[in-house]
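Here's the structure, in structure tokens; my notes come after.
Each chain carries a letter (A, B, C, D, E and F) given by its place in the written order, and its residues are counted from 1.
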Amino acid sequence: MGKSRYESGFEKLSEVDGEQGDKVIKSLNDIAPDLGKFIIEFAFGDIYTRPVLDLKQRELITISSLASLGGTENQLRVHINGALNVGVTPDEIVEVFIQCIPYVGFPRVLNAVAVAKEVFKNREII
Amino acid sequence: MGKSRYESGFEKLSEVDGEQGDKVIKSLNDIAPDLGKFIIEFAFGDIYTRPVLDLKQRELITISSLASLGGTENQLRVHINGALNVGVTPDEIVEVFIQCIPYVGFPRVLNAVAVAKEVFKNREII
Amino acid sequence: MGKSRYESGFEKLSEVDGEQGDKVIKSLNDIAPDLGKFIIEFAFGDIYTRPVLDLKQRELITISSLASLGGTENQLRVHINGALNVGVTPDEIVEVFIQCIPYVGFPRVLNAVAVAKEVFKNREII
Amino acid sequence: MGKSRYESGFEKLSEVDGEQGDKVIKSLNDIAPDLGKFIIEFAFGDIYTRPVLDLKQRELITISSLASLGGTENQLRVHINGALNVGVTPDEIVEVFIQCIPYVGFPRVLNAVAVAKEVFKNREII
Amino acid sequence: MGKSRYESGFEKLSEVDGEQGDKVIKSLNDIAPDLGKFIIEFAFGDIYTRPVLDLKQRELITISSLASLGGTENQLRVHINGALNVGVTPDEIVEVFIQCIPYVGFPRVLNAVAVAKEVFKNREII
Amino acid sequence: MGKSRYESGFEKLSEVDGEQGDKVIKSLNDIAPDLGKFIIEFAFGDIYTRPVLDLKQRELITISSLASLGGTENQLRVHINGALNVGVTPDEIVEVFIQCIPYVGFPRVLNAVAVAKEVFKNREII
């Protein structure tokens, strides 16, 4: 029998976000556990498991989307780590944000790069 | 002697956006010609010519950024065409927008897909 | 045996959005059918069927969210109709937008009220 | 003689936001006292005193609007407290944010729920 | 006896926005007349009548704010006309939008300039 | 021979943002030095050096744009300092934000005024 959406979502979440994603889900347990369930089942179970784009491409698209939206520092932290976990290089991450400058301006990009700097330092990349 | 920023930008604009990009620049001639110049020199001359990410990746990131920003139907039209011009497939374009659902919600994605549908029809893809 | 997420979602979509919702889903068939499936299964099957808030409250919250987000005229059209379908009065719809003024300013509210005016005219309410 | 807009606004602000609202207004005294006056007179005196929607409904709409706008953690803190003060239950507050997921995506909702968690802890609800 | 907020607001609205502003207010009469009243009393009566900045400066700030917000084409149309009415030159209007490029990116600016072009054509400036 | 874009940009950055701007650029050295270069060459070299609007007007427009965009506290800190550096008065800065209320609502304005308060305190203005 096939895996449930929750099971494939949880596997994908672990593959992409590792401990960081798990921490987000756990932090929801005492206030909105269904929110965590939806992230696992829908975002990771339904979306991340799809074909056509691979995980590296999905993370490039995700950090572009989060940087452009703004006010998403916590989610960028998770997904910059996620991008590194699935093999995106630090240079590629920075380059995604530079590609966004003409579309969203410097402030959104500076905020995203500041999160990247913090993540890279924690992982001793810089 | 090397090309000027304007020259390499114009070449890159033609490669990516073809006639659509040229039309945008020309429409600015009688009101804000320097805005067109900045798009060519900065967005295309400085940014699109950079290494690390190729043109296909840059267009995936750009349409993710534009869809997430919202209110960018005119720019999505240009860059969905641009993505097709540099070899992104229609399926990949739709998949970029589907990847954005968890981060920006359905309305931004529905608006972007509506533009994609219009572009695909004009190019007789669907 | 219980209904599938798709079945309960489709029922809820029909109850709330009537023909308008169906039209949105059908318009996606030739370009992104899974996007329509996710709207039915996730938005309507998982979220709208939940307890704690009733359908009228959910539509008040939805049109407040859409008006605040901006650039969502098509989705406001569907959900202002949806709000009327589940028993929200025209006065309550306008009042939701007026309550949003201090938080999002006049432009977002004027845009939402313009959509409400169009919907109310089509339904011969004004 | 009727109350002034300032007087009815101040009464309403106290009823909804209690000490939290008062603190916001006082923090403006040495830099932009008229900003505080406009919040009291316009937001609370003109808008919150209106009929058609009751205070509980107004707070549901307000927290939906603030969560959707993003970058409004300070204002969400005041109005999640305000919602509780006028009788909205913790479950209803969380459910408002869950209803917003399809329209604004997970990041805006995660940020709003994080503020709710902090408020609920301070009030020893969780 | 002094003018009411409505009276000074209406005077200021007429001075700034002329017929365009009047048309917006009248379009609200059959759906949300109080929204029109709040625009006159609060935006024009309370804010535009204040000292420290003159009307030209207020319109420069307003069109910068509207362009940055996005999805405000209708309001930009009114206030680009308003800016011209109070003596801002066409060159200054375009320059405001160019100054916004580094902060909000090209799409928001292109959209604003497109509205300016339409207004300038209607007034036979270009 | 004329100055390079970098040279005139760096001069303008020093004139407007002083040490604060320099700190931002330096913080990018170990992660995205080209981002700093683009801010200097494009934002300051190409845009701030243009005629039609003077530096005071450019800073009024910039802080209006940043406040309206939201999630730009770090950039507002730099440019509220920048506005003061080029001769904008504290009262004018606050008044810019008050002028934005009708267009973007109270939360964006409260966030901007909170940054202004912090800057004014650091410079012992209040």
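Going forward, contacts are C-beta pairs under 8 Å (C-beta built on N, C-alpha and C of every residue); 3 or more make two chains touch, one makes a residue touch a chain.
Because the structure is a prediction, the values reported are computed rather than measured.
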item	value
Remotest chain, chain A as reference, centres from CA atoms	E
Counterpart interface for B-C, drawn from A-E, E-F or B-E and sharing over half of its contact pairs	B-E
Interface residue overlap between copies chain A and chain D, same or different (over half shared)	different
Pair sharing more residue contacts (C-beta pairs) when E-F is set against B-D	E-F
Centre distance in Å when chain A and chain F are each reduced to the mean of their C-alpha atoms	30
Chain B and chain F, separation of their C-alpha mean positions in angstrom	29
Distance between the centres, which are taken as Cα means, of chain F and chain C, whole angstrom	40
Chain E: positions in contact with at least two other chains	34, 38-39, 42-43, 50, 66, 69-72, 75, 98, 101-107
Sites on chain C touched by chain F in the complex	101-107
Touching residues on chain B, where the partner in the complex is chain C	70-71, 94, 97-98, 101, 105-111, 113-114, 116-117, 120, 126
Chain A partner contacts - residues on chain C that touch it in the complex	34, 38, 42, 46, 50
In the complex with chain A, residue positions of chain F that touch it	24, 27-28, 30-32, 34-35, 38-39, 43, 66, 69-72, 74-75
Residue numbers on chain D that touch chain C, as the complex places them	39, 42-43, 47, 50, 52-53, 57-58, 60-62, 64-69, 72, 75, 91-92, 95-96, 98-104
